[in-house]
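First chain written, first letter: the chains are A, B, C, D, E, F, G and H, and each begins at residue 1.
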Amino acid sequence: MDAADLYRINDLLDNDVELREKIKEQVTELDKKARTMVGLLNKVHSTPSDAIPALLDFLNPVLLSCQETIIALAMIIPKNQFWRWKDMWSNSLRTAVFAAAFIQYLSDRTLVSLNQVAKILGIKEESKDRLTLPAEDYLHGLISLVNELSRLAVNAVTLGNFDEPIRISIFVKDLFAGFSMLNLKNDTLRRRFDSLKYDIRKIEEVVYDVSLRKLSPAINTQ
Amino acid sequence: MTSTASSSPTPAIATKESVAKLFDYFRADLDDHNDRRERLIKASRDVTNLSKKTIFLLHRIMMEDPEANEQVLAKRAAHRGHEKLREVQNIYATLMEELEGDRFWRYQRQVSPGLQEYIEALSFAYYLEHGSLITFDGVQQTLLNPQGYFPLTVSDYLLGLSDLTGELMRFAISGISRRGGQKKATEVCAFVRGYFERFTPYVRDLSKKQSVTSQSLEKIEDVAYAIFVRSSEYDIPPEMLDDIVAQSISS
Amino acid sequence: MDAADLYRINDLLDNDVELREKIKEQVTELDKKARTMVGLLNKVHSTPSDAIPALLDFLNPVLLSCQETIIALAMIIPKNQFWRWKDMWSNSLRTAVFAAAFIQYLSDRTLVSLNQVAKILGIKEESKDRLTLPAEDYLHGLISLVNELSRLAVNAVTLGNFDEPIRISIFVKDLFAGFSMLNLKNDTLRRRFDSLKYDIRKIEEVVYDVSLRKLSPAINTQ
Amino acid sequence: MDAADLYRINDLLDNDVELREKIKEQVTELDKKARTMVGLLNKVHSTPSDAIPALLDFLNPVLLSCQETIIALAMIIPKNQFWRWKDMWSNSLRTAVFAAAFIQYLSDRTLVSLNQVAKILGIKEESKDRLTLPAEDYLHGLISLVNELSRLAVNAVTLGNFDEPIRISIFVKDLFAGFSMLNLKNDTLRRRFDSLKYDIRKIEEVVYDVSLRKLSPAINTQ
Amino acid sequence: MDAADLYRINDLLDNDVELREKIKEQVTELDKKARTMVGLLNKVHSTPSDAIPALLDFLNPVLLSCQETIIALAMIIPKNQFWRWKDMWSNSLRTAVFAAAFIQYLSDRTLVSLNQVAKILGIKEESKDRLTLPAEDYLHGLISLVNELSRLAVNAVTLGNFDEPIRISIFVKDLFAGFSMLNLKNDTLRRRFDSLKYDIRKIEEVVYDVSLRKLSPAINTQ
Amino acid sequence: MTSTASSSPTPAIATKESVAKLFDYFRADLDDHNDRRERLIKASRDVTNLSKKTIFLLHRIMMEDPEANEQVLAKRAAHRGHEKLREVQNIYATLMEELEGDRFWRYQRQVSPGLQEYIEALSFAYYLEHGSLITFDGVQQTLLNPQGYFPLTVSDYLLGLSDLTGELMRFAISGISRRGGQKKATEVCAFVRGYFERFTPYVRDLSKKQSVTSQSLEKIEDVAYAIFVRSSEYDIPPEMLDDIVAQSISS
Amino acid sequence: MDAADLYRINDLLDNDVELREKIKEQVTELDKKARTMVGLLNKVHSTPSDAIPALLDFLNPVLLSCQETIIALAMIIPKNQFWRWKDMWSNSLRTAVFAAAFIQYLSDRTLVSLNQVAKILGIKEESKDRLTLPAEDYLHGLISLVNELSRLAVNAVTLGNFDEPIRISIFVKDLFAGFSMLNLKNDTLRRRFDSLKYDIRKIEEVVYDVSLRKLSPAINTQ
Amino acid sequence: MDAADLYRINDLLDNDVELREKIKEQVTELDKKARTMVGLLNKVHSTPSDAIPALLDFLNPVLLSCQETIIALAMIIPKNQFWRWKDMWSNSLRTAVFAAAFIQYLSDRTLVSLNQVAKILGIKEESKDRLTLPAEDYLHGLISLVNELSRLAVNAVTLGNFDEPIRISIFVKDLFAGFSMLNLKNDTLRRRFDSLKYDIRKIEEVVYDVSLRKLSPAINTQ
């Protein structure tokens, strides 16, 4: 190995370091936005249902502003190197997916699809060799959603909303059935999926309490 | 506190069907990914085994026939080694398609271990033949096939070379009982040192493997030391010492 | 070292790697089937009692199909090497035992015995030097059954079936009394058995809720 | 849980505990014998060559007596359960293999083969589903032999026996060449094999010293 | 090393192994008795109050028989070595304390004191350098009692006994107040004490349900 | 190779004496440091114990006398709590000198645990009295003594408050069997939530303790839930429920 | 819970913390003395044999002063609680045993016995329920002695003392033979004993070097 | 806690983050220089003694250039906050101390004192409330020096320099005696110090080899 070779290798290594710095900058930005959304979504647990729309009005602009950061991020990543760097932002991205899915659930009780959430977050088809939304990250976001919905089932009742747990129960069961169709390997995703059963039990117990005491008229529609 | 139940539940909740459709898509996607991953892991394991066997082979040839000429042995070993490593190169040729586009980096973690072991074996054979370090491009050349170059990262190159030190240590230690083994050990010591001193200041990535490398170097230094101390006691050149001993054992 | 000896030893060392690959293949297959059954059994919690038979019609073929996989697995294991490899499949096997036991409970409220379940799963007496069903794995499957039945007690009430919790309570207490007579070592099995008391408490609380509100006529028969 | 099943399961569980105790008893016995042999073999290092036969006369009966223990052990192990329990005795067995190999070396400077050592220790082909000698354990025993022979090379010289190191050198090189033909995995065996190089180096050094001093009387008088 | 010293040291080392075996034997015995009592006490939850005395008649002899085992155990422990071996039995001892406390509660609704329970179990003042009942173990037993009483409050109602929950409530509150006076460190005991709050809450809820339904017949007929 | 020994050894090697003198200085320095460190660890342990006892005391007072007025109890508890915490403040006054200049940061790791436990106890007493969160300055005020303020870091302040959630959870759960305990639990729930939601987005430092805090919050939410579900079944205001139960138990 | 019981329990819980502090103080003291001796003994390796007696004159007072600390320690330990606290000082005690054994070896080449060393260190028969010298700790001290003697063998040669290695070889072999007769459990002690073979090899190699070069007239007396 | 308070706290936290960034920049710089020196010092092991001065001529400017970085660092640290941030650079600083001590040893075989090394590195008395050289870091640097000297002892011999090991042995023993005077607590420093005995043994063995074979005339001056 001669000096020229060494020099070249060193150059390559230096480039990577620089690139990592630049990516980190954008990720920090994305992370801040994701955290802000989580902070605002926390208020859901103490907000009566009629005030939820007002809360969503605060959230939507933050969610939209993620686009800009994610587009900037996509422009930094070299072609085809998405998988090389993705660990740097996957946590933040999963949080953003969670926020988007929670916002959509609160808006119309539907499940946001992978394509929808990608679009919302500014992840574009044309730059998919630089930045894409892997199924894995989308699924992680949905699991976080279930975690949060089981808490919401409890708190909705405290706020006098006896129908919410029932809606949550139906939504979550459908989602769980979907997950059950997948052949997950023995990784974090499977472990987190397996732990969903605790959330489901909790939701079921809330529905039980409500139905045992005949507190919701909706119970029979389940 | 009375029930302040909100408006009646929205009629169109995410229906079972739509969720099922959504997840059906993932299923295919995930299965595809998992299958490819498994295939690559298996291929990488095969590469690792072949490379390890090549390394064993190189050691073995260098030790057979104590009377043979060192140079001749080395040429023979390198030749046989390169031959065996062609099997690895063939495996990599078949993997080109699996790793197209963004897939290379997606499965890099599965591919790396085998690649590093291959570089270790290749650079060992190269050292035996040329007494020097194979370059990055040199490694890349061996991974050329009709579809183009199999992708090689700097990090795999460097980590593969790090492991070479361990093999050189084994080579130096087991070689010293051979005729001329002392000189050989000293050469290896100088070589590893040169390589080692050159890299340390620049490459941060190596820190994990560095302590292993420096342990290997110390072991080689100990061998060189022992040889020198021994021959210092008698005022005879090393070659003559070899002769005396050979005579004594055969008698 | 003589050549023949060397050759033989080298052979012994090489074979194991290959064997492990083959076993893993069958275990992955078994695991998939077990997970499919778990997915289907999950629907029990939102299925009215009259629709359960239809659900079982889906489950039984999957359960039966495990035989084939297990027989294939048994044929791979070298004679006498059951204990060498068993850790590779015991988790999947326990899940299959659980599924078989749950299916039988749902069919006729009886407990499947060790021999019955071995037969159902295709574990044959004649190949017991290759594959057998250890008591430990059977018991693990039963503990999972109790975990699931305590959940079912809750959901049955939500579905308006007030007798099921009482039947579950009787079944589980009987099973628990059986377990109490075993001399378990201080291992996972004992820890899981000790944790059954939480399930039993939950079932008792459901029976309490039902009986306090006089919802089931069956309560006096307990 | 029906009584018969319960009874049978309890039996199965109880048997294991008892079995482990019984195995432990025999293993303790085997370990004692192995350690006794190690203690006696330790004397080799300070015993002049003409007194070695007398020492072997002490050792041989102990070695032979291992048969009895190993046969007793094999009879306890249930059919097919070799792999379940083997970790309990593999250390002691390796020590016994080492002792047998050292004794044979001291007797006639030959290497005991895998089959020979199995026969010496009473490990029978017909009970191989209960107890067998894995290649791995045989190889561990041989590595221990080399460790000890390099020590013997040093001590033989101190005792004035200048031929032994040369005999050892030839024997060990042959053994080492055999080992080099094996494709070892990266496990304990490989690590121990790697360390053999230091023993060979030490033996080499002794041969050097002896050759030089024997052949150059000038140095000898230094 | 002179022979006498060697002999003595070997004796010391051998004794410990033997002693451990002997202690283990007695502890296994104690554990069996403790587990038998737990099994019998489990029946309390489905036994009508008038049949409790009969159940206690089964329990008392088992409880008494612990004395014999504990005295035997105390005789094995060498003088001054209580602290050396105590971890071997503390779990079983805590279970026995729990059983004794539960039996006394069922007999006359009083709390067994530390001295009383020590006496019941055969732990003697005069052999306190061999075996004593540490405060910690006594407290662990009482916490288990509260866990079980909250379960009993629920089951008593199912069995139609509406007074028991109120008696339990008064008893447990008193006990809880006592515990609150202790300065517990951040250890298992503190964690288990913290968890008592959930038991108390459950008991509270039962008392609530019972009070409301007893006093308002209008609700009762709902 | 013949010996190429260098020039004769230099005469003045580091003499034993000079090394000894050098290390003598360190010895004094190290001993001084270790002793101070030990003293501070001990003091911190004392502070921790006193603070823990204060927390126990606060819980205890809030639970005694089920019929007493909540407000009165809270005042009494806070008063007794502040009294007990004065012992801690006295300890800190004596430590001022030990932590002068750069020493504060040198021993911060030894001082922190006690300080956080103190803040936990203090903020608990403060909450009982005022129903709100003590401010950073509020904590600082209690650490004023003739020599000035005992140094307080933002991080200790925030971590101390994090632990408060756990105590509030215990307080809410054990309080619900008291008359008016239900309202209290709902209040605590709202308080912790408000505090929690306010901090989460800003303070990264808390992540380690955050999961504990959110677990505590969930436990409090479960209590509030259970209360609400129970009282929803009967169409009676909570106060009346309390009366009915009290009557039933006493009868 | 009655007040007296409560008060007593609280007292029991509080005392331990204080006691631990006091013990730690004495142990720190003992540790300092042990380390001082180790520091002084380190000089042995560069001290010519005729200057050793002067060095021992420095060491003996420090060794004697351990008595005082150990007696003070014994007085703090509550009656019967030796086994509760012993882990706090066993490391320091083993170092002190090593120092005493090394000093005695240097004085007259004999092995200090268990009783002797206990006496030297001020461990009294009459307070054995508070503080005693377990065989295990004595043996650990002896193993450290062997470790140090193999180093001394090397350094003695450098200092021109060619007889010392031979004396050490005889002493260590004797000690090793003694150890071999003990039934050690599979614990740290056994592992450290097993590692002694490296020290013995080293000593043997020094003796080899000396004998090969005919440097010591004592060689034939071995 | 009102908004103003929150704002203030947030401000304080932000400042710290910024400060950390600035410090990190300088530390990266210092680290680079320290690594460069280590790389150059590595060459010592293959450099004949007469070429050492030339090597030192390369090293000295790098060592001097550390001053600039350290002065810049000191200016960033707020008054009295040295101990708050020191973990960020202590590794690099210890490496620099090691380099300075090694350079001085190679120049004149003397030990650099704490004050000397502080001066060399640009750590000034007048800014000691911002940046100082703690005894701990100085001592860590010296331990690294010993680690490296034990390697040098070996390699010097290979280069034909038989006196160097003897000089190293004397130097290291003095240093070790100094260390032995300190009461180190149970931390990394003590663990590293305890591990020095392996280096010392290695050096002693080199001196042994040289002296046994009478390879150095200097041996008698030790």
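Quick note on the criterion: a residue touches a chain if its C-beta (ideal position, glycine included) is under 8 Å from a C-beta of that chain, and two chains touch if they have at least 3 such contacts.
Listed by chain with UniProt protein names: A, C, D, E, G, H = Translin.
Fair warning: this is a prediction, and the values are worked out from it, not measured in the lab.
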Give the chain pair, either B-D or E-G, that is connected by more C-beta contacts.
E-G
Fraction-based call for chain D against chain C, same above half, different below
same
Whole-Å gap separating chain E and chain F, where each centre is the average of the chain's CA atoms
34
Centroid distance [mean C-alpha coordinates] between chain H and chain E, Å
60
Determine the centre-to-centre distance between chain F and chain G, using the mean Cα coordinates as centres, and give it in whole Å.
44
Report the inter-chain centroid distance for chain A and chain B in whole angstrom, where each centroid is the mean of the CA atoms.
40
Expected list for chain B, residues touching two or more other chains, is 1-3, 228, 232
Multi-chain contact sites of chain E, meaning residues that touch two or more partners:
177, 181, 183
In their shared complex, chain A is touched by residues of chain C numbered 32, 35, 38-39, 42-43, 45-46, 151, 154-155, 157-158, 206, 209, 213
State the interface residues of chain C toward chain E in the complex, per the touch definition above.
173, 176-177, 180-181, 183, 201, 204-205, 207-208, 211-213, 219, 222
Touching chain H in the complex, chain B uses residues 190, 193, 196-197, 200-201, 218, 221-222, 224-225, 228-229, 232-233
Listed in rising order, chain C residues that touch chain D in their complex are 1-2, 5-6, 8-10, 12-14, 79-85, 111, 113-115, 128-129, 134-136, 138-139, 174-175, 177-179, 181-185
Parts of chain F lying in touch with chain E, wherever the complex brings them together:
52-53, 56, 59-60, 63-64, 170, 173-174, 176-177, 223, 226, 230, 234, 241, 244-245, 247-249
